[in-house]
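Each structure below appears as structure tokens.
Look at the two complexes coming up: subunit A is in both, with subunit B in one and subunit C in the other.
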Partner chain A sequence: MATKTEDYLGITDYKVIGTRPIRHDGVDKVVGRAKYGADIDMAGMLHGAVARSPHAHARIKSLDTRKAEALPGVKAVIAVADLPLQEDKIEELGEGAANLQHLRANVLADGKVLYHGHAIAAVAATDVHTAQEAVDLIEIEYEVLQPVLTVREAMQADAPLLLEDLTTQSLGEDSEKKSNVCTHFRHELGDIEKGFAEADLVIEREFFTATVHQGYIEPQNATALWGADGQITVWCSTQGAFDVRAQTAQILEVPVSQVKVVPMEIGGGFGGKIRIYLEPLAAILSKKTGRPVKMVMSRTEVLQATGPTAGSVIRCKMGVDKAGNLIAAQADMRYESGSFPGSWAAPGAMCIFAPYNIPHVLIDGYEVLVNKPWTMAYRAPGATNAAFASETLIDELCEQLGVDPLAFRLKNSAKEGTRRADGPVYPRIGHEQCVETARDSEHYATQFNGKNRGRGVASGFWFNVGLKSSAAASVNPDGTVSLVEGSTDIGGTRTSIAMQLAEVLGIGAEEVKPQVVDTDSVGETDVTGGSRTTFATGWAAYQCALDIKAQMIERAAKLWEIAVDDVVFEDGYFSSSDASKTISFKELAGRLDETGGPLMGRATVNPPGVGGAFAVMIADVEVDTDTGKVEILRVSMIQDAGKAIHPSYVEGQMQGGTAQGIGWALNEEYAYNADGLLTNASLLDYRMPTCLDLPMIETHIVEVPNPGHPYGVRGVGEVPIVPPVAAVANAIYDAIGVRLTILPMSPGEILKALWTKNGTT
Partner chain B sequence: MPGKVHVTTTINGESVEFLCEPRQTILEVLRDQLDLTGTKEGCSNGNCGACSILVNGGVIDACLMMAVEAEGEELTTIEGVASAEGLHPLQQKFLEHAALQCGICTPGFIVAAKALLDNEPTPSEERIRLYLAGNLCRCTGYDKIVRAVQDAASAMAE
Partner chain C sequence: MNAFDYAAPRSVDEAISLLDAENGDVGILAGGTDLIAQLKEGGRKIDLLLDLKRIPEATALTFDEAGLHIGAATSCAQIYTFDVVQSLYPALVDCTSLIGSIQIQNRGSMGGNFCNASPAADTPPSVIVQGGACRIVGPNGAREVVAEDFFVGPGQSALQPGELLIAIRIPPPVANSGAFFLRFIPRNEMDIAVANAAASVVLDADKTTILSARIAIGAVAPTPLLVADAGAALAGKAVDDEDALEAACAASRAAANPISDMRGTIEQRVHLSGVLTGRAIRGAIQRAKES
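Entry: the complex of A and B
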């Protein structure tokens, strides 16, 4: 049962939680009625388009918009001078932070372009074709500079500098040294030299991972109206309406109260729809024209100019003793941040050795500027790159020790009380249970043999986040509850949030009517990201339900003219010590008018008790040694959800993460030529998995309650993308005996590795 | 710019007339002129299937069809899949199987799957995967989509 140190209630007989109701927004989404950002239409609406850099690195010598402005139908053209100047200030953005000067210079290039596709100017016209024609008429002269495309080039002493004023923040201090290295940080545990000296077997390798994109199917969009009263309304598809409000207000230099963001339905985000791109452009174009302006990116623009996630170079070294105990682990993690600071080495470093109890650890992290788009979060950002390195080395250690890789993981698993190298000591966690579930699964028990066939396993960790959420709810006379909240619903969270409210009030999930509302209509709520929505906004809904319950108890007391503490609420009924006095939630809801009028509950939370999540994957593959193609034949994802509120949508997250991880492992990469131009900015050439590339994805939900949530919820959205890359790499090794250290493990890389092994280059 | 072209076509069983520029795709006309925004745009070059519609019963990417080509044809969009009696079995099964997360790919999948089941009432899993390989979903890993189509096929066979 609950102890003082826990928020977990220890409930075992849930009525609503753990069931699989149909999602509230489902019908609208299967009949095509749900309105996504690009579906907006308004009277007098103009269409915008953006002029973008054809170079990876160049100085803008001149910009002439006169011909574009003269084109019939063009109503306004803007460039960076139309954006207010920004001070050197950091803004928190839910998952990550950004310097406002950088945010401004990314929205529209300021004197210099830093990547292929960098926005330079924007146009509003009566239709989208005219806007695009006008973009082509904008004349821009460049002084082309040498592009810097890899971490290695960028870190060289004589490398061209992307941001001429940038100095390296090294171990928490400003080094005052001008460089492309934004940050160098370090985590230390124990004594790394001593650790490796004590180890009987040490393996070290270097790993390369390509830049990859979140690949959401809906392109970025924004529609803005700058009213004559100065009020700015922005309609867009975003993971965080309040984050868009904060960024847009900062960039436009207006108070937040002057901006209202209306979150439309969103067609996927995965971390990529948090930063603003089009919003301030649409707003300024609207101000200039007095009309609403809609902007939608093309797929090419999405791939060229939104934030993909970091490519990286990770040197990793791990040591074990003869008995199979992990003794020491070291990593040097160099992540590309793209064109501006703020990369994902830091979260990667929190995750790289996180599933294990290792006494001696040293991690050095670097975030490095390169002439690629400014990176953004992508589902457990940084952790997949990291796990590719550490989980591949563990596989190699197990092979050399001759031990089963799951037995090794179990023996060395982190558990409650284990300290992670970056500081935190774990509360109750579920890595051991995930490994045991994998070990005991029918999948793992089934032999998988045959020529060029192999099995791999890997673990993964993501820490999840808490942050702010708000909810308000009103009780309707028919006993239903209308719930308003601020978390964009990307995968069924209206329902998983509503279910947590329903559980308290003893009503059905379908008796709650959840709505995601705009920034003027609910309390501040942070992004749908960090796997936080069901955890934190769910908590706000729970708290909101407690508020309603307390008020309803007062109403029952009033109705019966008895003391408030003589009323109890259980299983949907209010009752008192007088057995004749009992009334259902629904009946009492019908009598609110006679007991004091309408009734609303509200809550805001910022829960500290975030529960980290672990996952384990088993992958069976077959490699075609003639073509280098890897076929995924069977996969299982095992994950600790803490408590699965709506198991179908938990499975959905696990399956989606697995699929993205497999794409990352085998196909996906940003292909740049020597000039730094992106050569595969389409969904034909940026190859994401189709349903023909994948088998059914088996899921095992493990439930080790998070002590920091009333229902034990951990976040579930991100961690399933962490193990797949390494699991597939380990399976490929098992199949054909080559260790791949480069992502993606494309047919070309596989053949190269095979030829090297067989000496037939 | 040449003048606008008059097109007469049938959409979801109703006769429709519109004026369009020769450079406009049927996707653009459906979404921007006819307010049929259930058909989605993910790439505009035939690689994602979010814009799937039926033309004379066969599935095509609306972003690859010029609006003028709709003359005299019979089009079905996601808005024409449900009827006054209720949801199509595919729509019902997508809901029951939680086969959508963000939902942006859902109209395209339902329209494409309808074309499959209209012609092949009992497709194998392999056949479903092949037929739907032109539709990208980034959220679900396809597992629940394939199961929803299988279950809809069974429901329709009853």
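Entry: the complex of A and C
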């Protein structure tokens, strides 16, 4: 298993990696000392508020801010004319890209509002109540237009157009056809018609998934100070400070060097805190007033106007031969993009059949505008919707073939050398090992019977990303190391990154002092997203440690007046062929001044060897057939982490993804009325699971080293949200004999399905 | 949130004088778990916030031969931890202990739950089936309204301008009786009822026959409903008469007049009215047997 590759070191006896040290930011968070964006207070600070659209789709006929400006305490009011015009240009956002004109028109509506809650104007006032009162005094006249709320409506030939100049990019070319369809793409492998002709059993179904929100607990916030010298400082809650810097600088048309972004602690992101919303508003309000301006969204604003992830319609068809070999698979994936282009069908298409070796595949993807907020990433974006379709069909194929669903998955599993329909050939991957671990688990071996009780399993895949990371570290005279990095710490990554540095230097995790710093204080680092942080920033820390090690060897050589080649570093000690010459890392750190002065290491990486991650879930449920309610009685998540740097945090990610997946499966949805207004913009009615809705989530970490990382790390944050929806759907089928093809599988939907099955109402 | 004044009167008379129209729109503060959220979210604007919690009658929680007196500002947690309530009024524990979180239960009051008059309110059905009444005070003195008549429409109660709800009174339970409340929510806590139901039954001395029953359902009509037909379907029937039970459930389904919204559809709520009625009746009979 521990085969060394070009990047993977094949280490089997780690000292720090694989242990569970206490997180470096733990005390601050437990005692409430950690500083979040909403904690910011400064002398002379103003408070901002945003005027938002009460309509889903409308033209702004007039905007009159005079009454708002006249309210005592109001210091500035801005609208879209205060934002510089943008050229038609795409900006990479780390996990997705955006056209700058669209980004601007989302920050403040430009002539048209495209969703309920779309920002139109912003106010800065001496206190937040005055700012809100001023918002109510802004007079806006609308010409209300027909809203387009579903993919199906949006794709009709006579559908109202959201962006009147948008033409469909079809199979890589501009179709020049005006439409709500932004993109149509296709992946082909083999010959799909031949595949289905060879299949003995073919099943086809259509699946619907609701628009869902990431549900991070901390609302978006931004405080900005535009100094008299032109320097702009932004304090905010973001997954990527450098991405906020790039977007904010573009929208404000200033050089990036003029913007410093200070990432505050973050109360969750899950992909939703990458795009900017409030940052340019706070900055322009600050420029107009000369004072710092703080803006914090309410929960309603978060749900109405930040990016949820895409609802979708997926038609899926799969065929097997009599021997139980998957022969062909086809999917037509239509994902809501929301109000602007850039959706999640593309990553969904990379994942939909990814756990399997299937010779003939055809995937068509469409990204479609609807009058909902501009969608954003959500933990393996697109993949959960996709797995709901494919993993439900696999369950149905297994049922009809009369084979165990895990045995079927093992038989058809993708492995090293398998080509995925979108192109890549897998290096070493761990789907088979996950399935075997599930099969051999005490959970799967334990019978689960009883009326209206059922068990389901499902697999999931997420490809993970690499991207840019930087790290710098200085050796302190007491032998500790201060590490600065640019990755927002969401899941304990300060510690998982520090541990990778500590491993190289033979010191303890607690002897590294990691810090997440602002954009002026560390090299460029991409978002905490794509499950990349422990993989890529961890790699930067590893490289940084190698740099320190090399320099420390030079210092030892200097101290001992011997050749560098004659110094060996092992287990935290420098030594030479002369047995009398040995010194610990800590002792040598204390003698840096006499060997040349301070010592720093640094590294930047953009690693290509991203290791894809697989997960398998087992779910046991009981359905109350009188009320339609599903109780989750037992779940296990089995996941390939490559190498679990800090197993507790890996388990935490597995449990978090599972919890979110169960919420998505059972109750979460954006409820729009016929006018396109969001009717459940609160956490009371947007029903995420509570503690009482979930059992203890059992975890099994599988470690199939990623050949593309020194320690074999695979990203772990996202894939655990992929299998739960399908696993729960399959368990519900096992319990009550109905296939749910619509999310959420809420009590109302289950009752409807039961009534249809029983021929009653 | 706009600026407003605050007053904490020490007596009912003082409170009534502050409710005078010249004070503008007066928001009455008991627990504040509805009102403060409405004010902060801009759903309601007031001129004066009138805090009931300094008025002894509004915070009293007592039991005597006349029954249970629940001051309008008594919190849910005070109610469900009161030993008399735990022993004699378990249906009140059912409803007060499942509203919101523990923090909300420590603030939110039954009086506020009544006056907010949400169709989905969780405390009215239990009070209705146990024959409770609302004590209302105003410029013309005090009056009592039976609980089922307190609700007029969504957000609307029988309170007239200048009046306030000061207490809820429930008679002592009779021998061989039991009451039970439950609701249906998609999650297991922190949710608003898709439908709810309460039942009370009085059994004969050997606890085999239902002498009388009262059924109330909520979240399935503009107001909580006393379903007289459901109670009538059970009167005189054996405790294990499944046909009578089904007739009571059918009566609740017939009485339900719900809307479809993001919390549930008409079909689902009508169906749940029957399901919950059946479960409430079984629960009430069980408690009566154990009484």
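Here, the second predicted complex is superposed on the first by the 756 of 761 C-alpha atoms of A that agree within 3 Å, B and C clash if a C-alpha of one lies under 4 Å from a C-alpha of the other, contacts with A are read in each partner's own complex, and residues count from 1 in each chain.
What we mean here is this: a residue touches a chain if its C-beta (ideal position, glycine included) is under 8 Å from a C-beta of that chain, and two chains touch if they have at least 3 such contacts.
All values reported here derive from a predicted model rather than from experimental measurement.
*Asks:* Touch check for A:208: first (subunit B), second (subunit C), both, or neither?
*Replies:* Neither: A:208 stays clear of subunit B and subunit C.
*Asks:* For A:132, using the defined touch cut-off, is the partner it touches subunit B, subunit C, both, or neither? Pick first, second, both or neither.
*Replies:* It touches subunit C, and subunit B stays clear.
*Asks:* Once the two complexes are aligned on chain A, which partner has more residues of subunit A within touching range, subunit B or subunit C?
*Replies:* Of subunit B and subunit C, the partner in contact with more residues of subunit A is B.
*Asks:* Per the contact definition in the header, classify A:629: touching subunit B only (first), subunit C only (second), both, or neither.
*Replies:* Only subunit C; A:629 stays clear of subunit B.
*Asks:* Have a look at where A:34 lands relative to subunit B and subunit C in the superposition and call it first, second, both or neither.
*Replies:* first
*Asks:* For A:666 in the superposed arrangement: first (subunit B), second (subunit C), both or neither?
*Replies:* second
*Asks:* Should A:746 be classified as contacting the first partner (subunit B), the second (subunit C), both, or neither?
*Replies:* A:746: touches subunit C, not subunit B.
*Asks:* For A:218, decide between first (touching subunit B), second (touching subunit C), both and neither.
*Replies:* It touches subunit B, and subunit C stays clear.
*Asks:* Tell me which partner A:573 touches in the superposition: subunit B (first), subunit C (second), both or neither.
*Replies:* The answer is neither, since A:573 touches no partner chain.
*Asks:* Let me test your reading of the model: by the given contact rule, A:679 touches which partner, first (subunit B), second (subunit C), both or neither?
*Replies:* So A:679 only meets subunit C here.
*Asks:* Which residues form the common part of the subunit A surface touched by subunit B and by subunit C?
*Replies:* Subunit A residues touching both partners: 129, 298, 684, 690, 692.
*Asks:* Over in the complex, which subunit A residues touch subunit C? Could you list them?
*Replies:* The contact residues of subunit A facing subunit C are 129, 132-133, 136, 298, 300, 626-629, 666-667, 671, 679-680, 684-685, 687, 689-690, 692-693, 746-748, 751-752, 761.
*Asks:* Tell me, which parts of subunit A touch subunit B in their complex?
*Replies:* Its residues touching subunit B are 20, 22-23, 25-27, 29-36, 38-39, 41, 129, 214-219, 265-270, 296, 298-299, 490-492, 646, 648-649, 651-653, 655-660, 682-684, 688, 690-692, 694, 696-697.
*Asks:* Any idea which subunit B residues touch subunit A in the complex?
*Replies:* 21, 23, 31-32, 35-45, 47-48, 50, 77-79, 81-82, 87, 91, 94-98, 100-107, 110, 128-130, 132-147
*Asks:* Along subunit C, where are the residues that touch subunit A in the complex?
*Replies:* 1-3, 41-42, 184, 186-192, 194, 261-265, 267-268, 271-272, 275
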